[in-house]
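Note that the chains take the letters A, B and C in the order they are written out, and that residue 1 is the start of every chain.
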Amino acid sequence: MDDYTIGVLTNIGLFAFVALSAYLLLITGEMSFGQQAFFGVGAYAGGILTAIYGLPLPLAALVAMAFGALAAFLVGLPTLRLKGLYFAMATLAAAEMARILFELFHFQVEIDGELTGPDGTQGFRGIRWVFENGIEPAEYVALVYALLLVVLIAFLLVERSRLGAVLRSLGEDPELAASVGINVSRMKLGVAAVAGGLAALGGVLYAHHNTYIEPRNFDIMLGVHSLAYALIGGLGTALGPLLGVALDVGLLDGSRIFGGARMIAFGGLVAVLLIFRPRGLLDESVVHWFRTQAWRRT
Amino acid sequence: MAALLAVRDVVTAYGKIEALRGVSLEVQEGSITCLLGPNGAGKTTLMFTAAGILRPRSGSIQFAGKDITSRPPHAIVAAGIALVPENRLVFPNLSVQENLRAGAYQRGDGMEIEADIERLFHRFPRLRERASQNAGTLSGGEQQMLAVARALMSRPKMLLMDEPSLGLAPLVVEEIFRIITELHRDGTTIFLVEQNAHMALKVAQHFYLIEQGKVTFSGDPGSLAEDEVISRAYLGSARQ
Amino acid sequence: MLVDLLQNTLDGVAIGASYALLAIGFTLIFGVLRRMNLSYGPAIMLGCYAATWTHLEFQAGLLALALVAVGATVLAGAYVERLCFAPHRRGSAIAAMVGSFAIWMQLEEVATLALPRHIYPFPVLVEAAPLQFGGLFLPRDAIVSIGATLAACLLLHCLLYRSRFGIAVRAAIDNPMAASLAGINLSSVFVRVFALASAIGGVAGYLIVATHGQVTPMLGMWSTLKGLLAMMLGGLGSLPGAVIGGLALGILESHSQWFLGPQARDLVAYLLLFALLAARPAWMTRWTTTRSAS
C-alpha cells in the first residue's frame, strides 16, 4: 500500500473521531457546531505533553482526552438547556472562541536547542513523538483504526443496550424520558463530556500524524463537516459517521475523479441524497432492516 | 339532497399509528352535521384530513362533486371549505383586522372584503371594539369569535368547526352556538366536532359517532337516547 | 479620548449597517421557514463574484454592478431554496441545514473556479474624501451604506405592514398551519421570502465589497458568521432585533478592535454571544414565547 493511500486512510480514521463526536450529540437531539474545538484541545494538549514534557503518546492521549471531556463539560453546563438553534449557536461561539484563543496562545520552550511549542497563528511544529519512536505510517494507521475499532465496538454495544435506548429517547422524546425518571440534563452533560473526550482523542492522533497543527485546522468548516458526515452517513448506527467520512475523504479526495470540481460534485450529491434520505444513508430504518434480516437467518 | 361533503373509507395515519381506520360519512348541503366521540377517537384528525393539513393514506374525500383528497390546505380553501381549528389558532401578532384580511387572502375583490369585514363586525361587535388590537391580547371567547370570523372571510360553502366551545365559559358557549344557528339559517353548511354533545345535539340535524378511528353510529338527534349518546361521546361504547 | 470613542462608534454604525442587512436576511428565512440557511453567505459571495466578473469583462458602472450582485444572489438563493428547503418543508430541519451546507461548498467552489485569485479589486462606491466635522471622519461610502440600510428597512416595513404579501408573511411567521388554513399558499410565500432575503443579502454584499474596494473568497463564510452573530445578538427572530444586533455588533467590534486589537474584536463578539446565551435573558428567547404553538 503506497504512502498516499495510507495517508487517505489515516485521515478517514482521524476525522471519524470528530464525526462520531457530533453523531453522539445528534442522537441525543443536540446539534453542535463546535466539536472541532475539542478536537483542537486534544491536539494541542497531546502535542504539548509529548513534545514539551516528553510524555509517551498513550499517556498523553489519555490526559488529552480528559482535557477534551472537561472542556466539553464546561461548555455544556450553561448551554445544554438551550433549545435547538440557540444551542448550536452557543457551540459555534465557544468553538470560535477556542480557535481565537489558540491564535493567541504562545507557549514555547527550548528543547534540544530548538524552540518547541504552540506559537499563536504560526502554529505548533515539531510534534514528532511518532517519528522519534520509529513508528511507520503503516503502523500508525493500524493504531488509529485499532482505537477506532474499540470505540465503534463500544458504540455498537451501547446501542443494543438499555443505555442506548435511553440515549435515543433523549433525542426523540425528552419529555417522555423525563417522565419515566431519566435525568435528562445530567445524561446530556455526560454525553457531551464523552463526545468531547472522543473528539480530543482524534485530535491527539491528528496532531501526531501531521506533526504540525495550526488554529486554522480547527475552524467552523471542520465542525460543520463533522455534523454533515454524521448526518449523511446515517443516524441509525455509529457506522454511519464513519461511512460519511469515508465517502467524502476517501472517495472524492482520494480518487480525484472530479479534479477541481470536487465540492461541486459532492455538495450536489449530498443535497440530493438528503432529499431521499433525510436521516442519512444508514438511517434507523435501514439498520432495523439489517437487524431483522440477521435475526431471520438465525 | 346531494351530499356536499362525501368522505369514503378514509385512512389517515401518524407514522405507524392509524388514527382513522376507514371513515365514511356525508354532510348534506345546508345542514348542521355533528361529529361526536371520545378523546383520541380521531375527530380532529378527520377535520385536518378534510382541510388538507393531513394526507390520507387511502380513501377519498369529495366536495361539491370535486375530488379534494390530498389537496393542499390553500386549495381546499379555494374549493370553498374553511376550518375553524381547535384552540382557535388566531395570529397573535396581527391585529384583529389583519387577522380578518388574512382570512380573505385568496380573494381579489377589495371593496367586498371591506364590506364583509363591516358585516362581521356587525355580527361580532366585540371584535369591532378591538379592531386594531393584536389578536394575542383577546380573551378566549373573543379569539373564538375571531377564528370563526376569519374563516367566514373566505365566504366558504362549508364551515368545519373543531371543538368551538373548548375552554370557554357557558355564556360564551351559548353565544357561539347562537352564531352557529345564525350561520346555518343564512345558508352555510356546518360540520361540527364537539365535546359538548348536549349543545351540539340541540342544533344538529344529523350526527355521527366516531370511536377509535371508525364511525360507529349515524343518525339524527332523536334516534338514540340522549344520555346514551352523551356517554358514548365522552367514554366510548362498552365494547372497548 | 472622546473623539476616539465617537469615531469608533461612527465606524461601528457604518459597518453595522451592513451587518444589520445580513441579519435581516437570516431572520426572514429563519422566521418564516424556521430553518437555518447556511448557504446565505455563499449565495451573497456568488452575487459579488458575478458583479466582479461583470466589472472585469465590461467595466460596468456601479449601478449595473449592484443589479448584477443582487440578481445573481437572488438566483443562487432560488437554487438553494428549491434544492435544500422545498423538499424538506414538512420534514427535518437538520437535513435542510446540512443540505444548505453542502450547497455552501458547491457555491464557493463555483465562485472560486470562475475567479481563482485570492483577491480582486472592486470599484469603490465613492472616490471623494471623507466628510469631516469636529475632528470626526465620516467616509462617504459609510453614508451610502447607512442610507441604503435605512431605505431597505423602510421598504421592508412597508412591505410587511402595508401589503397583502406582508400579512401572509407575518401570518406564516405567527402560525404556519393557521396561515395555510386561511388559504395562504405557504410554498409560494416561502419562495418569495427567500427571494426577498437574497435580494437584501445581495445589497449587503455589494455595499461591503464596494466599501472595502475588494472581493475575497472569504466573503461567504464571513457574511454567514457576521449575519448569524448579529441575528443572535439582537434576539433571534425579530426584525428590529436584527437591526439592533447588527448595529451593536458593528459598534462592539469597532471598540474592541481599537482597545484590544483585531483578534480581540472577534473574541469579544463571540464571548458576548456565549454569555448572553448562557444567561438567556428574557428578550433573547422572546421569539419562542410570543409565537403560538404550531
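We adopt the following convention: a residue touches a chain if its C-beta (ideal position, glycine included) is under 8 Å from a C-beta of that chain, and two chains touch if they have at least 3 such contacts.
Computed from a predicted structure; not experimentally measured.
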More contacts between chains, B-C or A-C: A-C
Far-end chain from subunit B, centres as C-alpha averages: A
Interchain centroid distance [CA atoms averaged], subunit A/subunit B, Å: 52
Gap in Å, rounded to a whole number, between the CA centres of subunit C and subunit A: 31
Between subunit B and subunit C, centroid-to-centroid distance (C-alpha), Å: 42
Touching residues on subunit B, where the partner in the complex is subunit C: 51-53, 72-74, 77-78, 82-83, 85, 89-94, 98, 101-103, 105-106, 136, 150-151, 154
Residues of subunit C touching subunit B in the complex: 164, 167-168, 170-171, 173-175, 177-187, 290-292
Interface residues, subunit A side, partner subunit C - complex: 26, 31, 78-79, 82-86, 88-90, 92-94, 96-97, 100-101, 103-104, 220-221, 224, 227-228, 231-232, 260-264, 266-272, 274-275, 278-279
Contact set on subunit C toward subunit A in their complex: 30, 36, 38, 83-84, 87-88, 91-99, 101-110, 113, 221, 225, 228-229, 232, 236, 263, 266-267, 270-271, 273-274, 277-280, 284-285, 288
